[in-house]
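Sending over a structure as structure tokens; questions will come in a sec.
Residue numbering begins at 1 within each chain, and the chains themselves are lettered A, B and C in the order written.
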Amino acid sequence: MKTTRRVNWIAGAVLLLSLAGAVGALHAVDRIRQDATLQDTLYIRSSKTLRRLSLGYTGLLADIYWTRAVQYFGFQHHNDSRDFRLLAPLLEVATELDPKLLPAYQFGANFLAPKPPNGAGKPDEALALIRFGIEHNPDQWRLYYNLGFIYYTEFKDYAGATDAFARGAKLPVTNEMMPVLAARMAQHAGEFETARMLWLTTYQSTKEPAIRQNAVQHLQALQVDEDVTRLEELVAKYRQLSGKLPAGLSDLERAGWIRGTPMDPTGRPYRLMSDGRIEVDDPDRILFITKGLPPGMRSPQPKVAARN
Amino acid sequence: MKSRIASVAFNTFREAVRDRVLYNLIAFALLLSGAAILVGQISIDIERLVVVNLGLTAVSLFGVVIAIFIGIGLVSKEIEKRTLYTVLSRPVRRWEFVVGKFFGLTGTLVVNTFFMAIGVFLALLYVAHKFEAMDAWVLVALYFIVLQFLIVCALALFFSSFSTPLMSAVFTFALFMIGSLSEDLRGFASITRGIGGWLATAVAYLVPNFSALNVINRVAHGDAVPGRLILYNSIYALLYSAMAISGAVLIFQRRNLK
Amino acid sequence: MAAIEILGLEKSYLTGFWRKSTKQALRPLHLTIEKGEVFGFLGPNGAGKTTTLKLLMGLVFPTAGSARILDMNLHDPRVKAHIGFLPEQPYFYDYLTAQELLEYYGQLSGVPAKERSTRVEQMLARVGLQNAARTQLRKFSKGMLQRVGLAQAILHEPELVFLDEPMSGLDPMGRREVRDLIQQLRQEGKTVFFSTHILSDAEALCDRVAVIHQGELRGVGKVAELTSQVQGKVEISFYGRSAPAALLSLGAQARVSGDMVNAILPEEQQETALDVLRREHIRLISLTPLRSSLEEYYIQKLQPVESKGAGA
């Protein structure tokens, strides 16, 4: 029995060691193949061909493509930068295979249109995608919402936005904000408020973490832009009244125009610069802001920081 | 010890040949020649693409089918037909028997692949009229396909050591399908939370990774295959096969032959 | 040393749909087989003969107990080089020819390459298959397969040969040949252990026999001793159409076949019976003392036993 036992031990050891080693090698392979999965899937861009190849299992194939997209672009990604160049063809293929793949349209609406590095910088394609989605899913209010959103944010096309929100508002199942947004578009109403409403609606109507985080960042940016505008107006008023710039924001407080130290949404105090402008304390931390930045600086690249 | 393993391996190879397994080469040759001729009539520029894609996919699929159908019979058929009795009454150890069978089966597939590879290159020559530097990558793709066979053979042998031929075929084939999507599986596992996530991750790592071994599309487009990928894929395939074989050995060691 | 020492070897199986009930294929077996003897393992079908052989071959693992073969542990791989095995109704790789099979088996058994082909030829000739050497086994008849089986069992000249029902499926000629082969092996000093349910073979060939029934050893003994007991009867054969009345009055039981009569009567009446025949001018054919046959021992041992562990 001794030899049998020896064989058993050796075989058992080989099994465990090779299992461990195999998993390790697999890790290494995965890392090398990070982008490869996505590149691989896009070798065949013709959805007609894909349709034939899938032997009828188009739904499954679409889901696979979509899962890969989410993996790659979502916040669980390993790399630090997101390359949105592949997003457009991926979404195109996925939705052609399965036109009812609603999450794909949401993703496209949020990340196709904005300019790099926050998006793929393809607003026209985003429009085309959403229109395609509406064609195949005419009763989904979110698609009309997306359409209106893109018209407004990317093209400043108030007519188009009004039309989209209005059509969406007429659906049997819709969001209560739709008629409100339609009205605001029609009136060219105040930018901040409209934008805030839009982003809030986006945030509230989706569970997709990437889209939510994007919306939150935009809302924060809006807050900053609004704060900076207001503070700069107060500084100007102070100057007008007293003939000189306030020494610090505490002067405004003493004047009774603000209460406490004004903070930005990340909890940092705003700073008054020597030329009367207001700047945020740490410009690198807040995305999408158009005000409160040092001169000549544009809002920084998003880093995939929020690893939950 | 080595000579016994070699004897078993050679006998396994001989069985495959006499079982007319290698006749599949004829079917393959017909398929490939037909495709090459057809492709020559269609538009330019994609003939190479089609020949490489079709040829390599056929090599891969034919091989997997052969691996499964011979592999499942390797142990279970011998037990059923009781041919094992007189073999095991000789000084050959049970583990030597399993390992010998493995080498015999993979040897058969390597020979098979070799002839198929010649066919692919001939077809390539026919449609492209010359060889280019990028054709060398086709060899890498073929090498990966052979690695794929190693894993499939090991799995078939593993299942064959304890279940019936039919169930072994089903399991091995199922693992082949799942393994082809293993990267997606791991991606899915990484997004899932909680117990489901742990379970999915465990399964995703246990399942053989065939997707990384499929570079057919890539070499069809003439793209290079990174050297590190070749290295790690080789290590992975060898270790995974070793794992499956040692599993087979452990099971077969304690099996009561009816 | 003993050729085979079986020390309490036991085998049970779990059966039934839920694998709850136990079936004992072999109860604890204690048996010793000496070197150089031809040992017969007798029993009806399903008695446990094949199970015992499979246990000894390491094809099946015992539930309890152990065994030593040629003073080595049963599962020691070195044992296999010294034993040969012919299973019941053997199967071989049918895509091989007889010669290829023996070559392959020779390789596995460690027969040196130089001698292998000669040895194979010799073995094939010895079992009478020299003309079928290059025929594929799938074309072999049952008898031919049996012979190949014998050839592969003794190919590597093992000291100890195990045969499971070696005569099964053979015609009388084949059986005669196998018998001769076993005799030859014995003359060569080899130990032969074979199982059978054909008693005449056992009687003719074996030094000792064991009877096994329902997984239990019922008896062991030397054939010579078991059959030496004279029954106390004689059988007289003579020419005639009927037995003389005088004979019958002696208590004879007579049987007529053609122009011959067989009469069985007690041994004491032997002389008186001969006188009767002489008086009647009846021609005597033969006079034979009747011995108890192995069959009777066998049948007796197969009877249900009250207590466990019935000895010889």
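A few comments on the model shown:
By definition in this document, a residue touches a chain if its C-beta (ideal position, glycine included) is under 8 Å from a C-beta of that chain, and two chains touch if they have at least 3 such contacts.
Keep in mind that what you see is a predicted model, and the values were worked out from it rather than measured.
When the C-beta pairs in contact are tallied for A-C and for A-B, the bigger tally goes to A-B.
With centres defined by CA atoms alone, the chain at the far end from subunit B is C.
Chain geometry summary: the mean Cα position of subunit B and that of subunit C are 49 Å apart.
Look at where the CA atoms of subunit A average out and do the same for subunit C: the two points lie 86 Å apart.
Annotation: 43 Å between the Cα-based centres of subunit A and subunit B. Annotation for subunit C: residues touching 2 or more other chains are 77.
Multi-chain contact residues of subunit A (touching two or more other chains): 3-4. Those residues of subunit B in touch with two or more other chains are numbered 93. Subunit A contributes residues 3-4, 7-8, 11-12, 14-15, 18-19, 21-23, 25-26, 28-30, 32-33, 37, 40, 43, 64, 67-68, 70-71, 74, 76 to its touches with subunit B in the complex. Only residues 73, 75-77 of subunit C touch subunit A when the two sit together in their complex. For subunit B in complex with subunit A, the residues that touch the partner chain are 93-95, 181, 183-184, 186-188, 190-191, 205, 209, 211-212, 217-218, 221, 226, 228-229, 232-233, 235-236, 239-240, 242-243, 246-247, 249-250, 253. Contact residues of subunit C toward subunit B in the complex are 54, 57-61, 77-78, 80-81, 83-87, 90-93, 95-96, 100, 104-105, 107-110, 149, 152-153, 156, 162. Here subunit A touches subunit C in the complex through residues 1, 3-4, going by the rule given at the top.
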